[in-house]
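Dropping the structures in below, format is structure tokens.
Okay, so subunit A shows up in both of these, paired with subunit B first and subunit C after.
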Partner chain A sequence: MVLKKLTEAFGPSGFEDEIRQVIYEEVKPYADHVYTDALGSLIVEKNPGAKGTKILLAAHMDEVGFMIVNIEENGLLRFRPLGGVDPRILVSKVVRVGEKRHYGVIGAKAIHLQQPEERTKPLELNQLYIDIGAKNREQAENLVEIGDLAVFATEYEEFGDRRAKSKSFDDRVGCAVLIELLKQPTTLPLVFAFTVQEETGLRGAGPVAFRVKPDLAIVVEGTVCFDVAGTPSHAESTKQGAGPALSVVDGRTIGHAKFRDFIKGVAGEEQIPVQYRRTVGGANDVGAIHLTEMGIISAGISVPTRYIHAPAQIIHLDDYENTIRLISAVLGKIEKGGHPIQ
Partner chain B sequence: MKELIQSFAKIPGPAGSEAEIARAIRTKIESVADEVYTDVLGNLYAIKKPQSNSSAITKTVLISAHMDEPGVSVVDIDEDGFLRIAPLGHLKPSELIGQRVQFARTKIAGVIAADGDVARDKVEFPNLFIDIAVRSKEDAHKLVQIGDAAAFDYEFQEITPRVLLSHALDNRVSCAVAVDLLEKIQLSFQLVVVFSTQQQVGSRGIQVAGYRINPDLAMVLGATPAGDTPKSKNIQVKMGGGVAIKAQDAAMVVAPALRDYLIQLAESDQIPAQIEVASTARSDASAIQVSRSGVPTCGLSVPMRYLDSPSQMVHMDDVENMRKLLEAWLRSDKLFTHFTY
Partner chain C sequence: MQNDKALLSQLTESVGGSGDEGEPRKILMDKVRNLVDEVSVDYLGNVIMRKNGEGLGRHPRIMLAAHLDEITLIVKKIGDGGFLRIAQVGGFDPRTLLGQEVTVFGREHLYGIIGSKPPHLSTLEERKKSVPLDELFVDLGMAEAKVRELVRVGDRLTIRRKTMELAGDRMSGKSMDNRASVTALAICLEQLKKLRFQPDVYAVATTQEEIGAFGAETAGFRLQPDLAIAIDVCHGEMPGVEADLAKKLGDGPVITFGPRIHPKLYKKLLDTAKKARIPFQIEVSQGPTWTDADNLQVVQMGIPTALISIPLRYMHTSVETLEFSDVKNAGLLLAHFIANLNSDFVEELTWYLKN
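Moving on to the complex of A and B:
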């Protein structure tokens, strides 16, 4: 089960070694050429040098996580987030820490001990710590070092109406989509890039695009979704089960309208449900890719992900499958008809 | 020049939707440039080759003027046909209530309004919508697509014969100056004028243009907020006080040699000029300066009152002085030798 393997692998921004190895094992049988670049992105080529539109398909393999920045006298660990994490969601969450993946819990003062005033305020980052059960600094130092990383400990699980939860659908769901697409036969020169450090500012994708120099780029993401009771359509951003979401405008990109229309047209022909991403907050690797060199025509396609950047992210498996179908159909259409934008 | 500014200012060109203003500029420059083309980001390039003689210098100077203006993009359509929007550029949500807009692609008119259950000073972008006077989502879809962008829609006015008032004077004034230059100048080196896109959302167009042209020297034409109004927090640049020579803006610092050369030229040619030290305004200069291995980049700006509003005001004296100093700079003896790097 590729989603389980990918989402449970360890890989906060800048420290993608384990997830990269997991992806490498998955892609190896289907790749014509596999390599990593200086920042650590994994680049997989299919039909290199073949005629036809060269397309870069990118998904980032890093996840939001934490870095241990200090070990206190009492053995508790101070930490800082890597990527955008809301400190209010951290209390009492279970994490895995360091090379040995020790379990830890993000602790805070119990409600019994809090003053009435304290109960009205969310805890800030400097009031939180990771407890790994060590009795003092010396014992903690045998288990972890300053600079070690931590991620949420959530396991992959399917439940309910074809839903699945995990710690890292952003963006392991995109990585899984890429792996499934890689398995499909094609004559196009395709480059699949599993990028690094997206969560800390789209750092890995630019150098990949500079190296690959594609004719077109498609970024596959897990994106914000708040389709809960009482939220108007334009504030929920995306709706689960309503299909992959096409980006219009976000914090780093004004989407390429013709390429988006082409993708929407393919969805219509193939009767694959699609929706627009209806909010502007956040950004993805398109922001770096589309401004590389002389500019690259790019599109963002996302699987709606509830509770993104939090320990239990939820997707609808229909959306995951429809994202694969949609991009597969887009590639098929370009294979037959050539570059869609003249 | 005034007619040129007016003809450019009336065209809606929000960031990302510059196709029409690019076409209008292209019509003017097609016959005077040696080569004209556009790129993936929508930037418009005009190449003017060196005069054909043996002493031609193998250098390229890039002059940029962004075409885009702030606006809003449609991200969703309500059941009742109201359009939900996102900002393109730095806009304050509460200041948009009641503003008239026009869509770039279709010319549909609309007015921005806010949900009735939010206090005016608490309004955020998700509370705003555009009313285009239709009754249903279906009817709205006949007129507008998701991703369509609109800009402010206000008449161009001459408050006095020398003072202009309009939206988008930032930066159509510079576009007009650059077009006028292309029409009249012939140089001994290659001149590339880039009419750039998406400046309002972070100088995105010029980033790829700088990479493509890889110039030896760059000049950014823009606008800077004037500080000559009551209790203004802006720098003491006066409208009508001369063209502003950029020393720095919020995103870059001009090399002193480049800046001082422009100041000297202004003095020797008796062109009224001031110094721009803009602490809040950004320009395309920052992106060109760090393109490839770095480009010596300077800037000239027109002092502009109410730059962050749809009612921007400029003085024609400043526009003409920008045009004069630009030409003096391009024709100057030490253009390629007054700095080292």
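Moving on to the complex of A and C:
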């Protein structure tokens, strides 16, 4: 089960070794050429040098995580996030820490010991720490060191109506879509890039795009979805089960309208449900790729993900499958009809 | 030791909210059946484990009480879209609920997540406030009609948590409060197999402690013991908590002193620990202990009562953390206390005058 393998792998931004190796094992049988670049992105080529529109398909393999920044006298670990995490969701959660993946818990003062006014204030990062069970600094230093990384300990499971939960669907779901697309036959020269450090500022995708110099780029993401209790429809960004979400505008990109319309047209012809991503916040690797060199025509296609950047995230498996179908159909159409914009 | 840890894991991974203690009750009863003379369950669901003492004459009657229930959540409303609104049975800090994975005990066991707004959509203002219980919702990833079929108002739910072994001898999980003490009871009963003792022992896994220690009250009435010892958890030391309110993990079980505690029992527990070379700590209370001890003290004509606690960090969260040696030593202390108990000591318990 590729979604399980990918989401449970360890890989905070800048430290993608484990997830990169997991993806490498998955793509190896289907790739013509596999290599990594200076930042650690994994680049997989299919039909290199072939005639036709060269398309870069990119998904980031890093996830939000934490870095241990201090080991206290009492053996507790101070940490700071890598990527955007709301400290309110950290309390009473479990993480895996360091090379050995030690269990650690993020505790909180018992409610019995709190003043009433404390209870309404969120715990801030400087009040939180990871407890790995060490009695003191010496014992802790035998197990972890400053600079060690941590990620949420959540496991993949399917539940409800075609739902799956895990950590890091942002953006391991995009990585899984790419792996499935790589397995499909095509004559196009395709480049599949599993990029690093998206969560700390879209760092990995630009150098990849510069190296690959594609004619078109498609970024596959797990994006914000808040179609939940009491949220008005204009504030939900995306809706689960309503199909892949096409980016229009986000914090780093004004989307390429013609390319988006082309994709929407293909979805219509193939009767694949699609929706627009209806929020202007957030960003993805398109922000870096579309400004590379003289500019690259790009599109963002996302699987709606509830509770993104939280320990347990949810996707709808129909959306995941429809994202694969949609991009596959887009590639098929370009394979037959050539570059859709020029 | 490894067996005892396995029992604690099994008990903490089982789910038994106040008044709904069936799962852990079964695990405990299966475990102790061969260790005692009789196991029974009373009207409130208390598990009463009797182990007879030796010798002629009247056997002192000692009751041990460790509560079996845990804090849980309950479905208050099935809202639009099939999202559940929740209330609590026992005291949660709502701030520790956001983003948790839960199991809802509907007609089937259902997986859910207590939803959180992603930082991409929340404003800075919002992030300065904690989310109150009223605004939390449970996402079952299921259409409303199906949710209504499978879930009813009043169904329980609880945080899903695998019990973990941390560094050294420490363990973390949910409901260490108070399955740690239930485990100590089992350790005590096992230990008693190796010891000779006079008292008839009634080890009771009590119900409904988290909502007012109700099980201990009725079990105390039924058993009419000469003395009772409650075993519960106390706060474990952590940053930002005053030293007298929290005890060190791994420094031994905690013996409580204060108005709810019979002074002679307190002293006898200290003496027993010293004699048996069992490490211990002292906690002083000035009123309620918020444990079964409070209720046991005033049952019928009153019961001489003591309290032994296991230090626990992050109480009432899903990552309650303890050091297992404290659980083991609490069990040993109880067993040695029982072995040193005779009818003379018991008769003097109610005599406060000097003659």
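Quick note on the criterion: the second predicted complex is superposed on the first by the 342 of 342 C-alpha atoms of A that agree within 3 Å, B and C clash if a C-alpha of one lies under 4 Å from a C-alpha of the other, contacts with A are read in each partner's own complex, and residues count from 1 in each chain.
Here is the rule we go by: a residue touches a chain if its C-beta (ideal position, glycine included) is under 8 Å from a C-beta of that chain, and two chains touch if they have at least 3 such contacts.
In this text, all values refer to a predicted model and were calculated from it rather than measured experimentally.
In the superposition on chain A, no contact is made by A:Glu141 with either subunit B or subunit C.
When both complexes are overlaid on chain A, the residue A:His102 reaches subunit C alone and has no touch with subunit B.
In the overlay built on the shared chain, the residue A:Val249 is in contact with subunit B alone; subunit C does not reach it. When the shared chain is aligned, subunit B and subunit C each come close enough to touch A:Thr279. After overlaying the two complexes on the shared chain, residue contacts for A:Ala257 are found with subunit B alone; subunit C is out of touch. Residue contacts after overlaying the shared chain place A:Asp32 against neither subunit B nor subunit C. Once the two complexes are laid over each other on the shared chain, residue contacts for A:His234 go to subunit B alone; subunit C is not touched. With both complexes superposed, C is the one of subunit B and subunit C in contact with more subunit A residues.
Of the two partner chains, subunit B is the only one touched by A:Glu293; subunit C is not.
Contacts of subunit A with subunit B, set against its contacts with subunit C after fitting on chain A, overlap at residues 235, 279. For subunit A in complex with subunit C, the residues that touch the partner chain are 74, 76, 84-86, 88-89, 91-94, 102-114, 119-123, 127, 129, 131-135, 139-140, 143, 154, 157, 159-161, 163, 165, 224, 226-230, 235, 237, 279, 281-282, 306-312, 314, 316.
Every residue of subunit C that touches subunit A in the complex is listed here, in rising order: 79-81, 83, 85, 91-101, 110-111, 113, 115-122, 127-132, 137, 139-143, 146, 159, 161, 164-168, 170-172, 235, 238-241, 245-246, 249-250, 290, 313-319, 321.
Taken in their complex, subunit B has these residues touching subunit A: 15-16, 39-41, 73, 75-76, 78, 84, 86-88, 125-126, 146-147, 198, 201-202, 204, 207-208, 211-212.
Per the touch definition, subunit A reaches subunit B in the complex via residues 232-235, 248-249, 252, 254-257, 260, 276-280, 290-297.
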